[in-house]
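To keep things simple, chains are lettered A, B, C, D and E as they appear, and every chain counts its residues starting from 1.
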Amino acid sequence: MAANNRPETLIPKLGVVTDIRIDTPDVKTFRVVTPDGKKAFDHKPGQCAMLSIPGVGEAMFSITSSPTNEEYMEFSIKKCGCLTDWLHAMEVGQQITIRGPYGNAFPVDTAFVGQNLLFIAGGIGLAPLRSVINYVRHYRDRYGRVDIVYGSRSMHDLVDYEEIIHEWCAEEGIQVHLTIDRAQDGWDGHVGFVPNYVTELDFHPDCIGVICGPPIMIKFTLSALEKMGFSKDQVYTTMEMRMKCGIGKCGRCNIGNKYVCKDGPVFRFDQLDELPEEYD
Amino acid sequence: MQRIGVFVCWCGSNIAATVDVHAVAEAARHEPGVVFSTDYQYMCSQAGQNMIIEAVKEHHLTGLVICSCSPRMHEATFRKTAANAGINPYMVEIANIREQCSWVHKDMAAGTEKAIILAKAAIAKVHLNTALTPGESKVTKRALVIGGGIAGIQTALDIAEAGFPVDIVEKEPTIGGKMAQLDKTFPTLDCAACILTPKMVDAAQNENIRIISYAQVEEVGGFVGNFHVKIRKKARFVNEDVCTGCGLCTEKCPQKKVPNAFNLNMDNHRAIYIPFAQAVPKVAVIDPNYCTMLKTGKCGVCAKVCTAGAIDYKQQDQIIEEEYGAIVAATGYNPISVEKFDEFAYSQSKDVITSLEFERLTNAAGPTAGKLLRPSDGEHPHTIVFVQCVGSRCAANAAKGKEYCSKICCMYTAKHAMLVRDKYPDTDVYVFYIDVRTPGKNFDEFYRRAVEEYGVHYIKGMVGKITPENGKLKVQGSDLIADKQLHIDADLVVLAAAIEPDKSARPLATMLTASMDTNDFFTEAHPKLRPVESPTAGIFLSGTCQGPKDIPETVSQASAAAAKVIGLLSKNTLKGNPCVAQSDEWMCNGCSSCANVCPYGAITYENKEFRMPDRSTKVRRIAKVNPAVCQGCGACTVACPSGAMDLNGFKNNQIMAEVDAICK
Amino acid sequence: MREVMVISMMKKCAKSNLTALLHALSVYAPLYLPVNGNGKDTRAKYTRYEDGMVYSTDLNTVRSAKDFFFPQTENLVNFKVEGKNIEIIDPRTEEEDFILFGVRACDFKSFDVLDRVFLSEPVDSYYASRRAHGIIFTMACTRPAETCFCTTFGINPAEPAGDVSCYMTEADLYLDAKTERGEAILAKLEDLLTDTDSTDIKTVEDQKTCIASRMEKLPLAALSTEKFGGDKLDTLFDDPRWESLSEACLACGTCTYVCPTCQCYDIKDFNTGHGVCRFRYWDSCMYSEFTKMSAGQPRLTQMQRFRQRFMHKLVYYPANNDGLFSCVGCGRCLASCPISMNIVKVMKTFSEEVSDNGSK
Amino acid sequence: MQTITRDILLEKAASLLASGTVNRVLGWKKGEFIYDVTPAVFTNAEDMYRHFTFDCFCGANFSKYLIKETQKEGKVLVFLKPCDSYSFNQLLTEHRFDREKVYAVGIPCDGMMDASTVKALAPEGLTGAERNGDALILHTLYDGDVTVSYADHLPDRCKHCKSKKVVAYDEMLGENGEVTDAGRFDEVAALEAMTEDERFAFWQNELSRCIRCNACRDVCPACTCEKCVFDNPGSGVENKAISDRFEEKLFHVIRAFHVAGRCTDCGECSRVCPQNIPLHLLNRKFIYDIDRNYGDYMAGAEEGSRAPLVNYQIADPEAGEVVSGAGGDKV
Amino acid sequence: MQVNENNEFRPKIVAFCCNWCSYAGADLAGNNRLAYPADIKIIRVPCSCRVNPMFILRAFQRGADGVILCGCHPGDCHYTSGNYYTRRRMAMLFSMLNYLGIEKERTRVEWVSAAEGAKFAATMQDFAEKVKALGPNKRLEDLRCKQ
């Protein structure tokens, strides 16, 4: 019973897991559709959804598939707690619940249009960016040059490796720069931490930066970009917080007066500067 | 999320007759996490076990539920099966649908319903099972025996005979203990020294035995198989390796007024002395409280007369640190102090003596060279009254005395009475008793001889008062059988004082984390089934430190303890039970509740530095469970309010999952 | 919630008829009103009216009236799980009208504060539905207590609004319908009500004047919001005085639970053995677990959590809601805090120019 | 008996601060009204002269704050009333803080007023109060000054005080009192004398008011777990709010059980309960049962004593034989 | 709450049994085919002292009508002292539950040795009857867990 025929926000929809891809030892990507085989809802790049297993818990995850994919949604999820353990143990055909989309999105149709784009991700931080990158690839002619810097602990911890190698790298106008933290057999690419690699690559500040990864990586990458002449109002990031409702009401994900689930998760660094330094 | 296989056993018709096994298997199949469910005639048979192994492989099972007979029956079997199938043996849970279901419920519907619930409970539990691996620890192949009385000597000898090195720590300058002070032993009346001293010599000569005399345990750390012990060897001011035990110094020492503890202070020895002729080690020792040289720096006679040059006035206490695999407590007993029993006038008259003093008075090596003479005037006593149960079998709330029976007094009093009558037939001997207890081989015969052949007057009753008067001791007592008051003018009164554990036992127990009862006797791990072990693993009990005993009993227990020690030391490593308690160090607040209830002393505390979420560091007191010592009872888990303490195999959430499944 | 404002004639009910009035209201719809407790705690609490109950004249209830729209626990949705399949069940039944009687001006204002959270997009339908069905009779505060400071937030206890504003005098109860809904319900009570004349209006006006003068004399009357508001983040957030203010805080949730405007909640699944109930519970920003997640904890110290609560009420909320503070000055936290730390002490501390430490 | 006044405590604190014995003082800070004093840490005498207060509303038990305070540098001065000193000892027994970092000054006490009790006497506005011997003069907004008997309106914990003896201190101000037992089990016994149905109705009514604010737990000096089972999602009983009336019973029974034998009967739980639930009657029930069945035991009376529920006697009564009802009824 | 075809109330009873004595006693009852009501479901614990009061309340919450705890006789505990702690803990807990008005017949501690199969069966029979006579547990129920 939804009052005034408004969409019911706290009652989820049913989802079915139709495919599970093992990305890394602790990351799996789940494909989710409704029981009648449709996409659960439309979203914009950078938005999130609440996934849940009844009795186990509910949590917010970035939607990693591009909105341009009209068949299904994908979620790349790292195993790091009770719910994600459960999700990782699922088999194809398992039903879950899903509600969303939540939060703002990257300004792909406004600020990004016509710009060169630089995506920088570390580890599972690629998940929220993948949606944007694929969106940009889909509407390739709307944007300028695209650079992607992606690093992880080891080559086995690179999420979406197949897609990166076979699709992104192969696409003209996209430069992919991969790196891993420590040298290992079978890897002939770059070795080193993402912020250092970004410094080495020495990007020209004629583009918009998007950073996502562990807090420490974000911090150092931002300062690396600033040294290259980037200003904070041209760099974006996406945040993570404990969220329960996803609709800016439960009261826990705020930084100052901004609610990460509703006003975020995408923030420009100059916007973050206006907020109290509570979350570092 | 587990992948669970459920296997329902028919046990022939034992289960299948009252439980619909197919229905159980079918119901289990619908439980979350169950990916395979089946039933079979005999799950424990080779074929049944193979079926399990196959299913594990085919369905990649991670947890097994066997609905069968009692886990007490076949849990071990199915754990092995699991191991053979390549999964951890502790990923198995048994639903007992035979003893606790099919055999006790006649109604098929009720039995089936219950079996399904029991299966669901086991499934709920196995969901939360985790792989457990028994911990292993090495065993130091050396034993420590604390106490060098007959108990300690016997234990040490047996262990040494089995080929393991063993140290005896004795607080006196010589081993031998109480038995060395005794004259004759009941019921055979052979001389104590004659049977003890050869054993003392054996101990001294056994190359596997090291005697650390005049020494005390100061610190015990570690756990079963790996004890680390600090022993303080007191300075004797005589070089043990050099002294030949010739005894010249003990004759030349000018300080003659040192009470002779071995003779219960009934005579004196010199400031340098050898406790008794057959002492082991036979090495002199200087009593620093009396030695003029040590007190004033003037004298040095002993050093002058010692041709071996063994005297060393500068000798210091020595600390010996050693690793042991097992520790045996053999700290023995002492008679209680009878001074507080005013009615017996022990403090008022020298002629009221204890039984142990009586032993010394009749011993050929004693202060009277074996002649029975009154301590007050050296006269031969003509009337002797023995009083039994002095301080034994007292009311629980009595201000003095012990609640328990000291066990040995009846027999040694009979022995004393008999010996007196035998040597001095002119002596009248009276024994006041509450009951005469003679449950031992040849004990009752012995006692009856005392009464029948030797004419000892046994009087059932207690002595009310003893009054020294004109060189006599007026003994007032009651004869309960004749129902009259008795007055006996005695020359000598011998009190059969209760025995109590040696005072050194309590601090030792604390160091060993071995439990004691309210009387300070060591508690055994199980009063019937594990009588020579302390609940603390690796600690064994020998002799009267565990409870009153006579010599034969002491020796048998000493050998039993030795057998247990040998069993332990013959292992290279100890494999623990993995179902032990575990403390979550982030949740523990170090309150000590768990350690208070642990019967095994398995819990210790440490101050550990933690890196807090705000990146500061904090030192927190936290509990640590030693898995080698913990036996897995779980008492600590309930004592812990925060739930920081949990028990592997029976975790809080596992039991609650069972509860939930059952009450659903 | 937007209401249609009406101007109609005030009605009057003799106090001797109050019982009959309450009975009539309870027949119309379930009626909740403050009633004194009968156990160890005799203070007023909102109770479903049954005949024989007596309306409490206590200034206010221990718990606020927010429970009626945002209950402490609420079953959001149920699930049945079998194998890989999930069934989603909405447990709600059709909401019925209910009457809240005796709501004070501060509590009534708190509904506005809550509305701006729960009724902003996306709307919380659970809240919205109850809000739509709640008919509110407010009551003017004739004897405000020393802990009252509603006027600080611009609330007038003499004009409590609601569907019907009530004024209690020695002899009568005056009922002033403020909405169509209020009017409609008063129409149904016709038998028990009489019209008012100019004397009555004067009586009520006198009472209002009296209330105003009493409010002015209250110890907290001078409390000012001058130092607070949506634009005061920079001056307040890093103030060292948060440290000493929060020092004694026990980290219990009393203030947040008695507060009429606190609206933080948590959602949790409860496995009943037969299915899963998804519950919403009041949560408290004072609890250390509140923001804890597997990846870290943004508010690690009690100081940070304490600061969050007051910054939210005095800075963040006004920043997002046109300067409206998320405090209505009801004084419940003043009465309930185990260590007597409260928003008044916080506001007064920051109103002092120089802190104890000599720093700003 | 010397009356302890604000001035005496101030002087003591100032001299200990001046001598460097302590570098801060745990004391009471005056509030807006008379009854709303807040525990505070003072680092200098000047602050104390301005804000420190001591009167009959200074009932808060400071001992639990010592866990946090002793983590800091230097020694802290704490004033211990008799009942606080029991909690102090109990916390020491459980190794919850370092004794060396505390300078404890014992102060006698003849009962502390409780804000909610006093407010109940003048529910419509209490602007101030003062004590004059047994007279408590309340200044009210609408009824002028009202004088009541001090002793008669003490909270239950003080009316039925367990002890007026400070059992732990470095220094005692004034004269130490004696252990008392002012009928503190009377109310428990009265409940025991009821029928099961009556008791159920009583507790149902009382506990149903619980809002699970956790104030009772958070103030309790025996509740010092690093993480309470009710906050720990892994414990299986975690809960934040009462969603079923079972849970209020679960919470309060388990909490009382966890502190059984460790509770020093300081009564803070009942004092802080915003819903006036007589929580101390649960704790006193355990204390009463323990005393009757296992011998008198007062947690905190002696540092290092072993709590009765982590102890046993072979001769303990059987579970079905314990005396736990009125007139020696067995339950 | 369960009812059978005759609409007769069938209590749910949880019995916690220590592994060494009472669980073995229950097995012995089985060996000797000594019947007792199927309403009793046994949970095996290493020692009665493993039983946390939370388990007992949990059982009532989830729908149990009675909870019985069985352990070794005092003095016979496999772990020497576990049941002594149990005795105190449960005496105190049950007294408290009764203080809250919970019927005292719903909780019980009984010592059953491994040799007392007959005592086990008789105890269970008796306990089940007493609980049945009380009817469903209303005072410690959790309404959410009712079907």
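The rule is simple: a contact is a pair of C-beta atoms (placed from the backbone, for glycine too) under 8 Å apart; a residue touches a chain by one contact, two chains touch by 3 or more.
Please read all numbers here as calculations on a predicted model, not as lab measurements.
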item	value
Neighbouring chains common to chain A and chain C, by label	B
Chain closest to the assembly centre - both centres taken as Cα means	D
Selected interface, C-D versus A-B, where C-beta contact pairs are more numerous	C-D
Computed distance of Cα centres, chain D from chain A, in Å	51
Where chain D and chain E are represented by their mean Cα positions, the distance between them in whole Å	36
Rounded Å distance between chain C and chain E, as computed from the means of their C-alpha atoms	47
Mean-CA-position distance for chain C and chain B (Å)	68
Shared-contact residues (touching 2 or more other chains) in chain E	53-54, 58, 61-63, 75, 81, 85, 89, 144-145
Shared-contact residues (touching 2 or more other chains) in chain D	202, 229, 236, 243, 309-311
Multi-chain contact residues (two or more partners), chain C	81, 266, 270-271, 273-274, 283, 296
In contact (per the touch rule at the top): chain pairs	A-B, A-C, B-C, B-D, B-E, C-D, C-E, D-E
List of chain B residues in touch with chain E within their complex	70-72, 96, 98-101, 103-107, 110-111, 113-114, 117-118, 121, 515, 523, 525-527, 535, 579, 597, 599, 631-635, 637-639, 647, 650, 652, 655-656, 658-660, 662-664
Chain C residues touching chain A - in the complex, by the definition given at the top	76-77, 79, 81, 84-86, 88, 90, 92, 94, 117-118, 120, 122-126, 128-129, 132, 230, 233, 237-238, 263-267, 269, 271, 276, 278, 280, 283, 285, 290-296, 298-299, 304, 308, 311-312, 315-317, 319-320
In the complex with chain B, residue positions of chain C that touch it	81-83, 271, 273-274, 296-297, 300-301
Interface residues, chain D side, partner chain E - complex	188, 191-192, 196-204, 229, 236-237, 243-247, 249-250, 253-254, 256-257, 260, 282, 285-286, 289-290, 293-294, 308-314, 316-320, 322, 324-325, 331
List of chain E residues in touch with chain C within their complex	62-63, 144-145, 147
